[in-house]
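Following this line, the structures themselves.
The following pair of complexes shares a single chain, chain A, combined with chain B in the former and chain C in the latter.
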Partner chain A sequence: MAKTVVLLCRCFGELDGIIALDGIADRLRAEREDTSVYLLNSLCMEEDAHRIGALLKQEGARAVCAGLCAAGSKREALWESLRNAGIERSGLFTADLREGCAWIHQGNPPGATEKAKDLLFMALAALDEKKASADVSADVHPECLVLGAGPAGLAAAVSLAGQGIPVHLVERAAQPGGMLNLISRTYPGDDHAKTRIEPLLREVETNNMIAFYPRSKVVSVRGFAGDFKIGIQGPDGTLRLRAGAVIIATGAGVLLPRGLYRYGELKQVITQMELERQWIRGVPDDKRFAFIQCAGARSPERAYCSTICCPSSLKNAMRVMEEIPGGEATIFHRDIMTPGNLLEAYYRKSMEKGVRFIRFHEEDPPEILGGDRVEAIRVRDAARGKEQVLALEKVVLSTPLVPNMDNRSLRELFQLELDSHGFFSETYPLHPLETRVDGIFIAGSARWPVSSDKAMEQGEGAAMKALGMLKRDRVSALSLSRTPGEKPGHGTVEERTCTGCGNCVSVCPFLACSLQERDGRFVSRVNKMRCKACGSCVSVCPNGTMQIPEHNYRMVGAMIRRAFP
Partner chain B sequence: MAVLVVGGGVAGILAALDLARAGQPVTLAERFQHLGGQVARLDKIYPTDHCAFCPLWTDIRNCLDHPRITVLSSATIREMKKEGDRWAVRILREPPVIEERLCIFCGRCEKACGEGAVHPLLDQAYAPVYCIDAEKCTRCGRCEPLCPTKAIDLNRKTVEDRVVVREVLWATGFENGDLKPLPEFGYGTHPDILTALEFEEWTAESGANRGRIVRRSDFRVPSRIAFIQCAGARDSRMYPYCSSVCCMHALKQAEWVKRRIPDIDCTIFYTDLRAVGRDYFKYSMKDVPGDPIRLVRGRPGLVFALPGGGIAVKYEDTFKQERRIERFDLVILNGNLKPAPAPETGMGPSLLDGEGFVDTAVGFGCGFAVEPGDIMDAAVQAASASMRMIGRDKN
Partner chain C sequence: MEEEKRKNRTELPKILVFACRWCGGIGAGRAGWKRLEIPASFRIIPVECAALVEPDAVFRALSSGMDGVAVLGCHVGGCRYNEANHAALKRLDLVKVLLDTTGIGGERLLLAFGTAHEDHQFAGIIRRFTDFLGKQPPLEPWTGFAKNADLRSEG
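The block that comes next holds the complex of A and B.
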């Protein structure tokens, strides 16, 4: 009974006249005793796939080498017949005989045939050395931890609770609501700040699917996707929670513009947040307001646009025009950032309400005039090309959101990535709510400055991503693949030869490698749940200890030796 | 019971995956033969400068493989009727002449066709497959008997499906609006005045010119290219809204022009440089090979072909208060994006607002169909709309 079966695809006669498949088949049979060779009209059509299944069973095949085309989309029927015949991934190796051989050497049939023969012999040599990675799996704990009870976290918690998922909602402050506790109104609906989250706050109080932990923070994290074990420290001591997924929605801070536009020196120069506090207390006394955009943002120190400042100024400028008798509002800006439909309409509305706009050049910002109080603002009006001086009483600085102080410690605890500004990074580019750690998601301004309505949207979205994890009964490491199908394998350590150098630990982008003590020495250990089989560890291992069994170096060596005897 | 996702672009694909992974069966209807929508036809995407198709391919593949997702391509919605708390939907499918499942991409049909009507569907399509351009095909029938798998049937019949779903998610995306009603931009008067999407296709690495930057009029390399922002957008005569993606799109195209040919001068005429998302501002400040991209604040008032060759752009540099006319070899118009028509049969006119966007108080939607935005926005909205859809029904 043959051990290895070689399947050669004729591709409906496409290879005729270029690659002499029959001759190659004879050579293969002659050189390898334990190998049967079959030539088939196709390997992709269902009838042929069925025939393959039958002959593999008949041969008792343990390994399959297939010479076929490069079109990965046509493999479904073939893979299924291999699976039914009990052929594992480690018992399969393919060679591209069409796109990479016949098609590019059409004018040279002897060369193409020689190459095809070499490719197949190399594939067989590789197959002899190909091994399988071990898999691990664990039950999924169907509960979710949501960090942060601002709009993003509240939306996430309520969404998941609505799906029957118990939620642990952990909040640093004494009450939920986040930034919405500190402002008066939101845009673009100009609702009172808490209006949108009122139903969510009620849900947190009444729905016993949601456990709320105020004045609490995360102090330890262990585990992996499907089963995180998290230590929370609260006013009553430490608690241990288990969750299959985690959503980080810890929000952001606001920059205090020390040293900018005489903030701190003159009392009438305030920030947007301070203006919001004034609105909460009542209508301000002042009449003439200046709003200065990009105060401390889109600068070399903070090279980003904070997204929310332009619409916030529009909101407050319109309030000045509407609620203060004789009120005047002028917005000093570099660009007005109101992309899309809703925000552009909001911008148009502010112009209709009589808000004035003066554009300044980045290199020529406005100047605050006044001795012991704000008296006027002097600016080089970029659109009119001349200097203007406006008398006014209040200057409001639009400062950017900045990463929370907690972000760095959370980054360490959860082993996530921060971007160059300090916000939590996502896996690009189609997965804005997912991080490099499976099972951990990000939403709201912890991820990037957003308004509260967008934060809620992201919270719901992150809840949806978490639901995908939490609906599974079990999770296996090989299934945690970011690409279609299973992962290619796992980094695997040969402990006997590991010197404990730690190269793999430093280089792994997913922090899957760590050094563990074993009999008085250190050896590397791979967390299979985190490993994505990128191969970085393999390439930096000094003595070949770290391998991915399905792509180990003996395979490569065998292929090279066959190609260059 | 399944839900219907209308539109197989980024928004629809990601929503379908989110729903399916949470246990919800999905029928995904796409009007073209391939998935991926507008993004699949782009060359590169910002801010990572990846090829557009590569990251998208993963999720397209996941969509096609997922057991709970049924993809109906070449499908259009004919009618929707509310029956109690469900929707009965009639979907018309026009299966392509060359059946994807059977095509082995051998190319015999392409070689045999005398009209150039047969070509690969999409150079970077997930499934290499040929397709027949109906406009060029003369139905001579030469290709049909040559196909080794009998994948070609010139008399392929349309198929009507009737599906009953409990909810519908609109993810119909965007398309280019016609700029001819705004004659000052000169669109349609000269081959070297083109829209940003046309320029993307023209210069794509996988496109007809294999990444070469050349003029459409004479195939020569341009020395000066103008990108005009807000053409049609933020304009009460056409689209009063901001299309959201164009500033970054122009920066990306200008950067790629400079990467390929550093000597080409690129000028972007903008109104507000909306580089708002993560790392977008940094992207707008990036160094490029050759001279920096010139940013001029001012929306040009007139674009016209010059008799001696080239295109004149008349504008005001608002920072210098100077009015000038400059000559360019290529003028790229950015801004005229509008929501692709969402077939509203049965759902009533209230689904769409005055601009053609889906009103999410009336129905579920995500992506440009709801609000102008880019890939990141669509991905977030797909996830949140899915959550709301799943939330409605405990099945």
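The block that comes next holds the complex of A and C.
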């Protein structure tokens, strides 16, 4: 009966071809009490997994040290076979003897063997000090809150309702549809604006899994992934809603080009949105249109492309050519951004229809000429290098989508992050549509400027991610990992020694730490649901109070002591 | 005296490497896949994130016979824990200042924040650091104290 079992993988000769594993095994047995050492051909094959399980039960082991390859130390299969044998998560430590030793010191077998021996002694020393974090779990409330009933929010709501999840769809305006309520047609099909979302609107009306709250906004947020408690204020007063997940699809605003191209000074200089409103009322009177792209975008203050303005200008320019007798449209651009096959075809179609394109340089933008009304536009044609003056009546400015005014207050309420432009920030690229708070997802133009079809795709994506949370019965803090497998542990406070300095509170990237009053002083408390065990709190704690039990300071000290003989 | 000590070194300098589980560790793993030959005088302690490396651990390592400490984390903007590596970088930069102040030398702490693809970067870092540390006098207890003592006797 050994307390600790050491499993050494030969990796079919890859390891013991360079590292003298037998000698190391003897050393380990000699220097440590209560330790059995086994050499196996492989730890990753099915047969060996069974053998390991049986072996560990027979030894009555409580801790396992495994010397194997880098990939093996991350394998769920290994962890599972250990768990089945009754080994706790805190009872395993692995040493990378292949990528980290044998394979990088092939020309130096004695050095590799020495290093492997040290790595195993380090691992055993660590295992002696490794502790387990406490876990908490909670029931998941299987309902979802969707904020915003534009194309993204509608798609998310209908998607979730179709999976049997009750949805609370909260909208600031009086009716659903978002920005599609304000425009006349969509591209590239030139359909009526709401055609795309007709089926979704019908579903919202008829499906009683979806509760729609118009003219409402969020006023308070409490709770965590699996159980958010949200206060909504509507025309009839305040409501309390409970949801296991939240999807934020609040869309974006449009920049008003004050100070650009004499907007505000001349009435005939308008924005794309104002043009859309004119189309909704009827065919405009003017004949000759100029569309100026990148008005307030791709500039030092807003160094991004808003993706939708070029196709929108093509859409409206073609409409001018088709619906206005004698209509003329010229698009003044720095680049035409129409990615993909549909939009590329759209671009070619506009050229066939006779829309003209004149390219200008960023440093030399066109000038609007005229006294009390627009008369002409002067531009230096970048392709020809010559200056041109075109007579026209109407100037339409393509301005970018900008963050909604609500973003800041929503950021405060939900404790999310905004990126440098003010849009909701996603976490690390491998987690699209997720935010730094588990259970809160973002979709559509609230996340980044997109057209309505892309917004719908993202809405469905966010719905699927929310479903991952909502289909669970219970959620445990350790399972809220951003990576395959469980979290390694949680930040844990030793309340006796906590001075309440608050370093951990300010440094935590996931806002998991807070100060609580305890017997007249402040101590730190870790919200285990949010903690991701990054260790930031540990390294700023002035007296070692905050530790991650699976990687505590005694462990590190022990490993340092054993690193070299 | 120091020259002699430097020449009398026969062993390779001992390096303790803290490698984060992601870019740091994966880069190191890839060096293994490529079978890049690296001096065997370093030991890795894997951490979840470079942010987990306490300043105290660096001092402890340098007081326990290590010649240098390297901390490998993910590149700027690539930290899975929401830019925890940025704070870690700033914190460890301050540790360098402390090491300079005490006469140990901030160059003995190497900070490398790269991507998981950079196996050659990992190999190059260890080789260059090993080379560099080999040219430094070995760390002895009270090295900083001795330097201060010199200044004091002058004044």
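FYI, the second predicted complex is superposed on the first by the 528 of 565 C-alpha atoms of A that agree within 3 Å, B and C clash if a C-alpha of one lies under 4 Å from a C-alpha of the other, contacts with A are read in each partner's own complex, and residues count from 1 in each chain.
Keep in mind that, in the parts below, contacts are C-beta pairs under 8 Å (C-beta built on N, C-alpha and C of every residue); 3 or more make two chains touch, one makes a residue touch a chain.
Values in this document were obtained by computation on a predicted structure and should not be read as measured data.
In the superposition on chain A, A:560 makes contact with chain C only, while chain B stays out of contact range.
When both complexes are overlaid on chain A, the residue A:533 reaches chain C alone and has no touch with chain B.
A simple residue count on chain A separates chain B from chain C, and the partner touching more is B.
When the two structures are aligned on the shared chain, A:371 is found in touch with neither chain B nor chain C. By the document's definition of touching, neither partner reaches A:235: not chain B, not chain C.
Once the two complexes are overlaid on the shared chain, A:520 sits clear of chain B and of chain C alike. Of the two partner chains placed by superposition, only chain B is touched by A:465; chain C is not.
Contacts of A:382 after superposition: chain B is touched, whereas chain C is not reached. Applying the stated contact rule after C-alpha superposition, one finds that A:507 touches chain C and leaves chain B untouched.
By the touch criterion defined above, A:542 lies against neither chain B nor chain C after alignment on the C-alpha atoms of chain A.
Residues 71, 428, 430, 482-483 of chain A touch chain B in one complex and chain C in the other.
Remark: chain A residues 70-71, 96, 98-101, 103-108, 111-112, 114-115, 118-119, 122, 417, 427-428, 430, 436, 482-483, 488, 507, 509-510, 532-536, 538-540, 544, 548, 551, 553, 556-557, 559-561, 563-564 touch chain C in the complex. On chain B, the positions that touch chain A within their shared complex are 10, 14, 18, 21-23, 45, 48, 50, 55-56, 58-59, 61-62, 65, 102, 104-106, 126-128, 148-149, 234, 240-242, 244, 272-282, 285, 297, 318-321, 355, 357, 371-373, 375-376, 379-384, 386-388, 390-391.
Considering their complex, residues 11-14, 42, 44-45, 69, 71, 73-74, 159, 162-163, 298, 303-305, 307, 335-345, 348, 361, 382-385, 419-420, 423, 428-433, 447-448, 454, 457-458, 460-465, 467-468, 471, 482-485 of chain A touch chain B. Those residues of chain C that touch chain A in the complex are listed here as 14, 16, 25, 28-33, 35-41, 43-49, 51-57, 60-61, 64-66, 78-84, 87-88, 91, 123.
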